[in-house]
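Right, one structure below, let's go through it.
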Amino acid sequence: MKKLLNDPENAVADSLAGFALAHADLVQVHHDPTYVTRVGGATTGKVGLVSGGGSGHEPLHCGFVGDGMLDAAVPGAVFTSPTPDGIVPALHAADGGAGVLAIVKNYTGDVLNFDLAVEIAEAEGARISTVVVNDDVAVENSTHTAGRRGVAGTLCVEKIAGAAAMQGRGLEDVTRIARRVVENVRSMGVAVTACTVPHVGKPSFDLPPDELEIGIGIHGEPGRRRVPVAPADEVAQMLLDPVADDLELSRGERVLLFVNGMGGTPSSELYVVYGRARRLLEQRGVTVARSLVGSYVTSLEMQGASVTALRLDDELEALWDAPVHTAALRW
Amino acid sequence: MKKLLNDPENAVADSLAGFALAHADLVQVHHDPTYVTRVGGATTGKVGLVSGGGSGHEPLHCGFVGDGMLDAAVPGAVFTSPTPDGIVPALHAADGGAGVLAIVKNYTGDVLNFDLAVEIAEAEGARISTVVVNDDVAVENSTHTAGRRGVAGTLCVEKIAGAAAMQGRGLEDVTRIARRVVENVRSMGVAVTACTVPHVGKPSFDLPPDELEIGIGIHGEPGRRRVPVAPADEVAQMLLDPVADDLELSRGERVLLFVNGMGGTPSSELYVVYGRARRLLEQRGVTVARSLVGSYVTSLEMQGASVTALRLDDELEALWDAPVHTAALRW
Amino acid sequence: MTLDADWAERWIRRTADAVVDRRDELTELDREIGDGDHGENLVRGFRAVVAKLDARRAEAEEPGASPRLVGDVLKLTATTLMSTVGGASGPLYGTAFLRAAKVTGHPEIDTRTIVAMLESALDGITARGKAEPGEKTMVDAWTPAVDAAERAAGEGDEADALRAAAAAADAGSTATIPLVATKGRASYLGERSAGHEDPGARSTALLLAAAVEALGEENA
Amino acid sequence: MTLDADWAERWIRRTADAVVDRRDELTELDREIGDGDHGENLVRGFRAVVAKLDARRAEAEEPGASPRLVGDVLKLTATTLMSTVGGASGPLYGTAFLRAAKVTGHPEIDTRTIVAMLESALDGITARGKAEPGEKTMVDAWTPAVDAAERAAGEGDEADALRAAAAAADAGSTATIPLVATKGRASYLGERSAGHEDPGARSTALLLAAAVEALGEENA
């Protein structure tokens, strides 16, 4: 395993230390337990936003702490959900008196740890609502699974709910908007190579040089099926079609198209996938009204990409366009 | 070779097509010959900025076309400098009547092709000055080499000269500022893995699993020496020390510290390198006044990083802070 | 033999040793159908519990320390696991020990209480995780363990109940191999999850085996 | 034998064939001490030249087409290489052909002109690239080629001059192997550049060999 790290056990701590120094104008990193807050703390009267999950998906979530997005984020060990002792103080730190929205990706570990933390924080007087993001259409949302996973669509929920909170809306309203994003966002990913968890030291799965793994999550877990290496246009279609089908996108609708890199893929390749996914949407009569291309919800150094579509309306579009100032997303 | 591409011969064109669609509010992509301009064209009375070079370094240069940075960029084939037939129209397109600054990385191919293009454009009536960026301390700047290469420091030149041009300064002044950045910026890079040029199909050099290549450029070329795999703190020092020494940074000075990813390295690792490089600068009594961490000047999917330091003064700092709105850099 | 706080402490310490010894096996099982962190998660958690037990023992040697209860040890274990394990297994084992602690707030516990302890643990796990038997989770080790303990308790003592539980958990874990997961990360694999043992079921078997081993010792 | 525009066209077409045939070899040489694109660059460039020659030939068959000059062919080659090759070699070969075109603006050229053509090409390369002999560049193939052509022209005809130039370029290219590069990308490698042949010197040898081969044909 070759990585620019020191002791693999300290990978998260070392990285957060550098992150804190580089973005001291935006964030504050707390240790023992670990959580990250916006500089200046909670905004009085604003709904606070907290998210968190295993590390290894940078810039998600810590890179999205700042104005117009998250008030606090809780990074766990690599690919391991954080524990309540970090989540509880983050929930309190984000609390400006107007309540707190917890944005949780749908993994059993994340859901259970956030549940516990919310129970504790509520017992300590906080008012909290939780939204569970489950945009990954690679997983069937049925009784045969733990439900669809939360992947790149989480960025959309954090950005849009963050903008709603900035407008001074109440907890119910911010929660409603976050839920609306969840209902209207879907994603699907592909791995070109696997990634290696630092303290494990070997790839999370074995992917032969002539195969791609379709339907991967963001935790270095294998996907649903393997296909022979194919041109980007075909791969883009394998990702876009299930997303558009699941969303039941119809002629005349408009979307945000988000092509996300898994960490080790150069942006030049992401734009190839984007171009094809966009043309496929246009062929369906769907307008791509907003776009995002880049590595925002990653799996360490995995090569691969995911395609996310969010059905837009005037409200969501305006909230997406609202200013945001975080380490990783800014406009 | 596994990449999210279609026909490797069309990698650059396919990627630019997606780029054009995703950023239609910012850029326009021209074909046959290929060059990219700011939407709306040259600003009357503003010095125009043009850069270019081989593709494979995305977001450099096309991702930096926009307000406050470049007016046009010319992407060549992967790792191959563009030809005058693309550079000449880009120079003209950037010309708002106040002259054009060409920012060229110091590679024989780039220098020769820009020279030719400038000759032609001047003959056609344009007023052009050229700045050659040569920040890579891995190469000795002596009669035994083609001179130091231009690497990540190019971003600093483009950003700061771009801000100066936005202020309405004249060609001489913008050129002087660009030169001052060149004189005060140095970089050094490391490869953890090699990269594969699409139409070549095999890695640019062979790097054993237990070695790092120190002093690499950004064209998949091998570096100056190999070292056994080492902790990030040691690697950061191998990069930072020659940079700081070459700049002769002394106690009390302040710098921009820019840790750049080579394309395949997750940002979590870049922050580890950043943290160490920053502490080393602080041990030298140097203040890190500005920071940038991310993959901006890349070598396809290469894993690795470079460390860049730019000596700051009030003028350069203010220009760095000035607003910029491009696909890849925005504040 | 008495099942007192010393036994409980030995149980937890032996579990810590077991997850350290078998870390790679747990990790490998989780790598096959999950995300490969189960070994790491439990090692981190149980090491933290042992550190707390050491600290508490130092305090307990001071004169006037209150008598130690099984429930105290299990509660400390619960809260520490909750705050250090992470993942799905952290809240599940944490809740299991928290519920178990509630029914073991006595200095010494009898056969009936042991069975109640195991039942409470399982109730905690299902309350939090909503898994039913057959979904290829740790519930598939806990459920037969509780049943076996109940049966054994009818005819024997605490030790018999624990031994029966451990044996049944081991068999229950092995029996997860052919199952298709419908809860937890492994469920994402669908049919591909069959043919692999569930890591949480295996760690449950280790945990209950440690409870039995702890019987045999007088001092940790 | 006459060295006319047909010869010049055969020369360029044969060069195109040669760089296509030897693309992998050129690429591999450049991969060792450069960036591995030299073969690709020249194939792209010479293919474009051939396409232009084809187009021009179609036009030339129309009645009233002006007589074709060696210099016309070389000028077309020059401008096309400049706008399609990129890299260091594009402007260098482009300038070489541009300068060579200037001294060959006649329908047929003699021995003296051939030597002047080669000299002009070399002058163009050094004017643009500022390399001296011994720096491990294409100059190390062109310099001995020009010298040899001058010597051969004293005793023979155009064909002798070209043959001497081609042989000397081939030897000159081989002689770059032990050199340490001080110009171009290979210079970044310092001492590590020794032991490898310079790709641009090799492509120069191919180019001049093609000029000789083109002598033997009457029609392309």
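Each chain carries a letter (A, B, C and D) given by its place in the written order, and its residues are counted from 1.
By definition in this document, a residue touches a chain if its C-beta (ideal position, glycine included) is under 8 Å from a C-beta of that chain, and two chains touch if they have at least 3 such contacts.
Predicted model only: the values in this text are computed from it and were never measured.
S.K.: Which chains sit in contact with both members of the pair chain B and chain C?
M.R.: Chains that touch both chain B and chain C, as defined above, are A.
S.K.: Farthest chain from chain B, comparing Cα centres?
M.R.: The chain lying farthest from chain B is C.
S.K.: Using CA atom averages as chain centres, what separation in Å is found between chain A and chain C?
M.R.: Between these chains, centre-to-centre, one finds 33 Å.
S.K.: Go ahead and note the Å separation of the Cα centroids belonging to chain C and chain D.
M.R.: Result: the chain centres lie 78 Å from each other.
S.K.: Using mean CA coordinates as chain centres, what's the chain A-chain D distance in Å?
M.R.: That pair's centroid distance is 55 Å.
S.K.: Give the residues of chain D touching no fewer than two other chains, as numbers and ranges.
M.R.: Touching at least two other chains: none.
S.K.: Could you say which residues in chain B touch two or more other chains, in rising order?
M.R.: Within chain B, no residue touches at least two other chains.
S.K.: If each chain is a dot and touching chains are joined, what shape do you get: line, ring, star, complete or other?
M.R.: The chain contacts form an open line.
S.K.: With touch defined as at the top, which chains are paired up in contact here?
M.R.: Per the contact definition above, the touching pairs are A-B, A-C, B-D.
S.K.: Please name which positions on chain C make contact with chain A in the complex.
M.R.: Contact set of chain C toward chain A: 27, 31, 34-37, 40-41, 44, 82-92, 94-95, 128-129, 180, 182-185, 187-190, 192.
S.K.: Quick check on the complex: what are the chain B residues that touch chain A?
M.R.: Touching chain A from chain B are residues 2-7, 11-12, 14-19, 21-23, 55-56, 58-59, 63, 190, 192-193, 209, 212, 229, 231-233, 235, 263-276, 278, 288, 291, 293, 295, 298, 300-301, 303-305, 328, 330-331.
S.K.: Using the touch rule from the top, collect the residues of chain B that touch chain D in their complex.
M.R.: Contacts found on chain B: 33, 54, 76-85, 107-109, 112-113, 115-116, 138-140, 143-146, 149, 197, 199-200, 204-205, 217, 219-222, 224.
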